[in-house]
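Two complexes are shown next, each including chain A; its partner changes from chain B in the first to chain C in the second.
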Partner chain A sequence: MEIVVKNLMKEFKNIIILNDVNLKFLDGNIYGLHGRNGSGKSVFLKLLCGLYLPTSGTILYDNKIYNFKNDFPPFVGALIERPSFFADMSGYDNLKLLASIKKVADDNQILEAMKVVNLLDQKDKIFNKYSLGMKQKLGIAQAIMENQKVIILDEPFNGIEDISVKKIKKYLLKLKEQGKIVILSSHIIDDLNEICDKIYYFDNGYVVEK
Partner chain B sequence: MDMLLKNKMLKANNDFLDLKIVLGYKNIIISIFIIFVSDLIGIISYFQNKNFWSVLYNILTNQMHYLLLFSVIVYNIFYISSKFKNYLFMSRYKNYSLFLKTLLKNILLFIALLLIISFSFILIVSMLKSHFNFEMINHEYYNILLPFYLIIYILRETIIIFLISVIVFYICNYNFNKILSLLLMIVIPVANLFANQSKIINGIFQLPIIYSYYLIKLPCSNIYLELAGSMIQLFILSFIIILLKNYDIKGDL
Partner chain C sequence: MKKVFRKNLLVIIFLLLGFVVAGQIFFINNKNITSEIKIIEKTKKYCINNIENITQDEAKQSCEKIMNNDYVIQSQNFYVKFASSYLDVIGYFNIVASLIIFIVSIYKVVNVFKDRVVISVLEREKYSHFIRKLIFKMYRYCWFWVAIMLLIFGVCMINSTFDSETLINSGMSWKKSLMDNVPMFIFLYLLNILIFTIFYLNIALIAIRKQHNYFLAVIKSFLIIIGIEIFLEIVVQSIFFGKILGNYDAGLVFNIMNLFSFNVDEYSHGLVSLFSFNCICLLISYLVMYMAYHNKEKLIIDCEKNN
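Right, the complex of A and B next:
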């Protein structure tokens, strides 16, 4: 799997968010996206997921363009911004409902994903009763449960306690060993330095390698 | 028990989203309650006749009944769409149009359920109110049996409700101007309040083009004229749906 971003530009109402971005993501690597809040990291990740259309330029997954107008990239598991789950359902039921769409993840995979994020003992708790950190963990669990080739996580460690962060980082390194592409965004550089092979810095619409 | 039921429903059919969980019991109960109220308005406002077909005809053609019915439908389409229209769900489908198709299928199923509940209630009350008097009578304007007319009417009513629901669904889920969308959402139920046809329609050019006129009593000089009007109305609504379906979404999701 190879993701190639060519001359990518994105603007909203004539404000340029991303300008001439050229990046390449390869198998078996963890990539970090760093930049202050509002630097365009989340927009870039939404473009990668096919939820946004580029103003110009292309994103190619193995030479194929994916976006909501044709097909969503089928091999991406993503957590972007605050995920909206069903408030009256348990964390486990929420994951089960999502898993029922693709029919890829079985019960064991769902439980395994919850275990990775240290949420197994809270699986039957109603989502509404989850703390901010637990909601974030559930967001990560849904992104990893289907064992996708590309994992995209936007500010994944927000609100999560250190023990769980360590466990998740260890898991991401395991995914790297399995040959997956992991793309993480964070405004905290230390989080990225620890596990990323490459870090890209987002500033004023431009992206440079750190 | 509730947990077991949830698991069973989640496993039961992957193509159908579990609206009971999504909507929540409170929402479903409120929707059904408003449907009952909408039926009751039609029932209470008609006292005169003691014939089952006549009672049924008068309840079904009450415009307040449709004001409430469409309000419930529009609200639920908005609510369900807002719950599902996020990337967690969308991105798990092959593409956005398949996501919309699945969501629409589920919404129409829910509306069908509401209509069945509403119609069953109207049927029971009509029977009780008419003291089970099923005597065959003619339609008030046309020389045809009222039960025969009612079959045509119910078929037309059901098709119009489904077509309007599809239109509302597309307006909800496409990136139209928010104020325009909201205005349309209000106009669609409220249109039922302004439907009033007391003069007899004699020609095809006098036929109303607003859908709500085809849910109330529409006095035409003959049944064929009303049928022609119904066909034109269904064609107009279908045409709007085709336009919406082929609309190229502007901007992002």
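Right, the complex of A and C next:
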């Protein structure tokens, strides 16, 4: 799997968020995206997931464009910004509902994902009763449960206790060994330095390798 | 079972109300029949005592018929029962028919936007598939008013006659040729309701595109219906057809809130006008829905603003 970003540009209401971004992501690597708040990291990740469309430029997954019209790359598991789940359903039921769309994750994989993020004992709690950290963990669980080739995590460690952060980082390193592409963003550079092979820095719409 | 009951609580409550309404109609129909029988008995006694004094031919003929038990209880006729049900009970639901549909249908659908679940879904599914599922989810109670009216038709059919020939000055608002075919009448009546219900649900989908709060979405949907109705009555009926074309009656078909009236007699619009209007409304609503939902990115951005 190879993700190639070519001359990517994104603007909203005449404000350029990303300008001429050229990046490459390869198998078996963990990539970090760093920059201050509002630097365009989340927008870039949404473009990678197909949630937003580029103003110009392309994103190629193994030489195939997915982010065109209303398609989406089918081998991406993502947590973008705040986790999005039904407030009146339990954590487990929410994951089961999402898993029923693609039908690639069974009950064991869902439970395994919740175990990785230390959320198994809270699986039957209603989502709107979760703390911020628990919501974030559930968001990570839904990104990893389907065993996708590309894992995209936007500020994944927000609100999560150290012991769980360590466990999740260990898991991400395991995914790297399995040959997956992991892309995570954070405004805390230490989190990225610990596990990332490459870090890209976002500033004023431009991206440079750190 | 408990889960199914909880998930569909609102529609179950309104269906139970439908049963109550059907029960009320049953008692009203029986009361009308009993009243008519009493009147006939009174008239019979009067005729027996006063037949020699009656000079008018028509009145004398009526008396002779009653005395020979050669009369038909009008209230026992299916169409009379149904018309009476409309005037006494069902007609009052015209104004809230769309509101009830909004209340039962919008809840589960709007949460997809309100809780921003659409973002998690669109990471896994094509946008066109998501929209198709959204529409079918909104349509899942489109049978609601059809079911209620089917129940009411059933109640009106109990111990009824179906002969349209014997209706005397009934003031029925339906063409005789249509009344002669009861299954066709019921089918077309229910089809009209179904088409308008789907139109209402399309309006709801348009309203929830921007309004992700359940209560506000219900109110907004209802206000849109009222707004369209006001436009049709004032601009189309009164001004265009009434004042400009001088034919107010021709404009009566332009009505989206008379869900249960089904006006297809010789004096008002016919079946073709009625179904042409409701199909055009449906088509326009699909067009507006397409304009509201065709941009995936804009939908995501609007949902991201929710807390």
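As a convention for this text, the second predicted complex is superposed on the first by the 208 of 210 C-alpha atoms of A that agree within 3 Å, B and C clash if a C-alpha of one lies under 4 Å from a C-alpha of the other, contacts with A are read in each partner's own complex, and residues count from 1 in each chain.
Heads up, the rule we're going with is that contacts are C-beta pairs under 8 Å (C-beta built on N, C-alpha and C of every residue); 3 or more make two chains touch, one makes a residue touch a chain.
Worth saying up front: this structure is predicted, and the values here are computed from it rather than measured.
Enquirer: So, on chain A, is it clash or fit between chain B and chain C?
Expert: Overlaying the two complexes on chain A (C-alpha atoms) leaves chain C and chain B clashing.
Enquirer: So, does A:F85 touch the first partner chain B, the second partner chain C, both, or neither?
Expert: both
Enquirer: Thinking of the overlay built on chain A, is A:F72 touched by chain B (first), by chain C (second), by both, or by neither?
Expert: A:F72 contacts both chain B and chain C.
Enquirer: After the superposition on A, what does A:S185 contact: first (chain B), second (chain C), both or neither?
Expert: So A:S185 meets neither chain B nor chain C here.
Enquirer: Touching A:K102, do we find chain B (first), chain C (second), both, or neither?
Expert: Both chain B and chain C are touched by A:K102.
Enquirer: Taking the superposition as given, does A:D93 touch the first partner, chain B, the second, chain C, both, or neither?
Expert: So A:D93 only meets chain B here.
Enquirer: Of the listed stretches 38-46, 74-82 or 236-244, mark the one in chain C with C-alpha atoms clashing against chain B.
Expert: That would be 74-82, the only stretch with clashing C-alpha atoms.
Enquirer: Can you pull the chain A residues that chain B and chain C both touch?
Expert: 46, 49-53, 70-72, 74, 76, 78, 80, 83-86, 88, 98, 101-102, 142
Enquirer: Provide the residue numbers of chain C that touch chain A in the complex, in ascending order.
Expert: 111, 115-128, 296-297, 300, 304
Enquirer: Touching chain B in the complex: which residues of chain A?
Expert: Residues 46, 49-53, 68-72, 74, 76, 78, 80, 83-86, 88-89, 93, 96-98, 100-103, 124, 142 of chain A touch chain B in their complex.
Enquirer: Tell me, which parts of chain A touch chain C in their complex?
Expert: Residue positions touching the partner: 46, 49-53, 70-72, 74, 76-78, 80-88, 98, 101-102, 142.
Enquirer: In their complex, what parts of chain B are in touch with chain A?
Expert: Going by the criterion above, the answer is residues 3, 6-7, 10-11, 14, 17-18, 21-22, 24, 83, 86-96, 249, 251-253.
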